[in-house]
Amino acid sequence: MAKSSFEYVKSYELDDTLLPNTWIVVRIDGKCFHKFAEHHNFTKPNDLRALNLMNYAAYQVMKDTHDICVAFGQSDEYSFIFNKNTAFYKRRGAKLLTTINSKFSSSYVFYWRKFFGDEILQYPPCFDGRIVLYPSAENVIDYLKWRQADVHINNLYNTAFWALVLQGNLSPGQAEKRLCGTVSADKNELLFKEFNINYNKEKEIFKRGTILLKLHVQLDVKKKTVASIIDIHEDMLKEKFWLKYENLLEPTSKKVVHYNGPITDILNDQILNREKTKCSPINIS
Amino acid sequence: MAKSSFEYVKSYELDDTLLPNTWIVVRIDGKCFHKFAEHHNFTKPNDLRALNLMNYAAYQVMKDTHDICVAFGQSDEYSFIFNKNTAFYKRRGAKLLTTINSKFSSSYVFYWRKFFGDEILQYPPCFDGRIVLYPSAENVIDYLKWRQADVHINNLYNTAFWALVLQGNLSPGQAEKRLCGTVSADKNELLFKEFNINYNKEKEIFKRGTILLKLHVQLDVKKKTVASIIDIHEDMLKEKFWLKYENLLEPTSKKVVHYNGPITDILNDQILNREKTKCSPINIS
Amino acid sequence: MAKSSFEYVKSYELDDTLLPNTWIVVRIDGKCFHKFAEHHNFTKPNDLRALNLMNYAAYQVMKDTHDICVAFGQSDEYSFIFNKNTAFYKRRGAKLLTTINSKFSSSYVFYWRKFFGDEILQYPPCFDGRIVLYPSAENVIDYLKWRQADVHINNLYNTAFWALVLQGNLSPGQAEKRLCGTVSADKNELLFKEFNINYNKEKEIFKRGTILLKLHVQLDVKKKTVASIIDIHEDMLKEKFWLKYENLLEPTSKKVVHYNGPITDILNDQILNREKTKCSPINIS
Amino acid sequence: MAKSSFEYVKSYELDDTLLPNTWIVVRIDGKCFHKFAEHHNFTKPNDLRALNLMNYAAYQVMKDTHDICVAFGQSDEYSFIFNKNTAFYKRRGAKLLTTINSKFSSSYVFYWRKFFGDEILQYPPCFDGRIVLYPSAENVIDYLKWRQADVHINNLYNTAFWALVLQGNLSPGQAEKRLCGTVSADKNELLFKEFNINYNKEKEIFKRGTILLKLHVQLDVKKKTVASIIDIHEDMLKEKFWLKYENLLEPTSKKVVHYNGPITDILNDQILNREKTKCSPINIS
């Protein structure tokens, strides 16, 4: 049982430290979620339960991982952005990647019932993940814009596609053909004229995805400031977003943000935890 | 909304293809499982429910991933070994690593109740993972021996430690002191003389961990051969193991293995699935 | 002058250790050698001076680097193969790569006059390099066969091409056109019928490139065995080569090889060094 | 001779593209140059011939490589810095590293006589090399300061050491002991009091190393501006250096710099080349 004579195999583990002073993006992506959506009766083109579950699983990851400064989710994918100075797990790539990926995956199953109720989870889902490094803040901002622009393009298409199929009684093949070659304006017009859908009035979460920010959020104007995570659906393609949330990509954003949106599941969990532990003087009017 | 002006960020994704013609080992490891075990009242020194859940989650991974030829688990860790010729995900490291890690994590939560019953899962667990490459069969065999020798060393220590604490009424600190400097023979003697425990008669799963093999298993002597996954607890440190399961590390082991062990949860699932789908003429006497 | 406040930049150097237990191939390749050959009046299709200089520079590298077991050169490229157990520079990739590359480059200039005499070196040449790992002996053998098959294909083409241009008075474009679509047999016939060249009788160094072996070579049948490097031009595509030089890829080949080929510049240098240092009882009849 | 059956080995070459948008530093370093200096009678503590040769070899590299914006050399090492947007060799690491390393090595031998005259080069020298990436301009500046602070520390020590040995008749061991524990001020005083050496008046090239800049240099006030490479020995630890040469790390620095230093070998080569090719209207008063 001389363990030592086999222990040399440990030396085959190679170092995978990531370059310092770069933002680390971990993006996870549902595997075969097209089928998964069918198996679990997801509403088309968007299932609010599924999106809220994705957001809640991402919130669990973010809550546990101090150095994630922002996350962005859409459809069956989520991106987590570590500030450039993070020394989390000594910046070892596989450790960072798998910890995020595993926590997200197990949270997705753990919180399934909270969002899907009687819709039974048929089998364990699977998410793959990757790491990308970005050396400049501009790169990271462009990354987030890229993912959000993707939401818009896909959602407009999907909204038109499923209107044609579900309300217009076209087959999927016919719907695809009908949309082939159309630009955004065409799809907007089609939705409005044929289905009386004003795309601009669609839910923000469908059109823009969800941004999770780690900020000093003031939930009640008269009361104390609270360090917190908020889930919002604002337009990152507009410059005013980046002015409003300046220093978003920095490790310690000191700016206090006034929030007067809805108390989401994510905010509610933080409020309840605060009350339970009484570690913070939060008050919600 | 010009997606194209941001799309350059995709070029920052670097290739992580793994060297061809090498065995790929993915090892996952529970994060903070010491605390997790306490929070969920794991029996000391070994919790059979927990080990069976680990094995069942690993079985889910192996069932879905054709090119994993063998897996080995102990305590809160599991190693999955891909045959050296696998082209799964074009051998892209992060894809392989996260797919295994995610499927394992979500399965652990999904099947929790099957093994833990009324013991409620308090929060989503987390597993980290890593990839190691081994160029020769000898390396892979030594790797498996290394992990199994580790089981023995840890389990003998833990068995003695918890006997001293739970039956001997020592404090953890006192038990640690008592065992400091002892060799295997000392611990065997201590267990036998003081607690009437014959370590050799401890469960094989505790002493040797669990090996998952992908083999042509014949469950019933009179009936048809069945390609299958079996969970066994044999001694890989002995050469006869490697003679019995020759070609274990090859992509397509044609050898038929007669199995007359117990029908485990893992075997049972395969039998039930066969019956359900009627795709294979399996019969269990 | 506080050096320490800048020293953090050293931490940006990332580990590049190569996987253990794999053969390391370093291949270097002349940069813009088409032009370099023109600027230095290389004979077409092959310049013996240039090939001998390449071989001599490679010999300098091999002499200095204990763990290179075999090297193979052709045209303006050279491959150096480290045995799989080498711990040279702790297997750090960049160190291995640049040391070989630099020594080769400086040797090429240093020994230019030895081979080119009055043909003046116009400017410093440049060689790029790469590292490839091979996990099995079969891979390495196939690598060497690949490079040697390449010599044959290129040299037959070049021999026919330059015969057409230099003796047949075709323009390069016409010669290219003439050879387009021909197979080996066609080119052999063309050379024989039109130019009375029997390709089989061309110099072995042109047809097969040069193999540098590290072996126990016996230069004189009656005298002592000598550990040495020999430069040969045998056919590695034939299995008898691999039988003759068995254990070629192992760190310490103990087999004594009888050599009765010519005393090349490479052998001569070893003989002279032995005599100078008197450290070895070599005798050449 | 079926080349194709071996060609699979090419697929073992893995991608080594470097992260975009980062400065690429290639640092080369003489191997065993302590001995090399002895074998070639280098003057102690500094040999001007050797430093000028290093600079001239580095100039050859920089002249050929468009995207190197600055280089810094001292003793037997040289650092080359590519601007962060370079797409040279598609940012493939090994290509970049070996091309620089090879050109430098062959140039060192090629230009040896130009600087060493009758001092014969005994054997080909060897330089190793490495690549480091820096994501921010601040990192690159700190890198250059780090290397220049290193010159100062080493040179002050070496100047004192060799004064003690060559003029003070101490043995190397005694000199080492004498300097042990001394700070800069101590060494300055020792040099002045015991050997009448004012360290501040030592040659700048010895105290600060050599910076190669790619700039629009105006060599003659009345005449045309010339894009050029200059070799200077200024103090990069002072902020005024970075103000004077602003945009130094950018791909295309448009700023014109007036130069009234000596016409070095490096400048002279550029002047002669201009005159020869008549491609640029340069005039030196």
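Things worth noting here:
Per-chain residue numbering starts at 1, and chain names A, B, C and D are given in the order in which the chains are listed.
One rule holds for everything that comes next: a contact is a pair of C-beta atoms (placed from the backbone, for glycine too) under 8 Å apart; a residue touches a chain by one contact, two chains touch by 3 or more.
Quick caveat: nothing in here was measured; it's all calculated off a predicted structure.
Chain centres here are means of the Cα atoms, and by that rule the chain farthest away from chain A is C. Of the two interfaces, B-C and A-B, the higher number of touching C-beta pairs belongs to A-B. Between the Cα centres of chain A and chain B there is a gap of 32 Å. Centre-to-centre spacing of chain B and chain D amounts to 55 Å, using the average Cα coordinate of each chain. Averaging Cα coordinates per chain places chain B and chain C 48 Å apart.
Residues of chain B in contact with two or more other chains: 12, 14, 19-21, 133-134, 139.
Contacts from chain B toward chain A in the complex involve residues 1-3, 5-10, 12-14, 28, 31, 60, 64, 94-95, 97-99, 101-111, 121, 123-134, 139, 142-143, 145-146, 149-150, 152-153, 184, 237.
Taken in their complex, chain A has these residues touching chain D: 19-22, 84, 133-136, 139. By the touch rule above, chain D contacts chain B in their complex via residues 11-12, 14-15, 17, 19-21.
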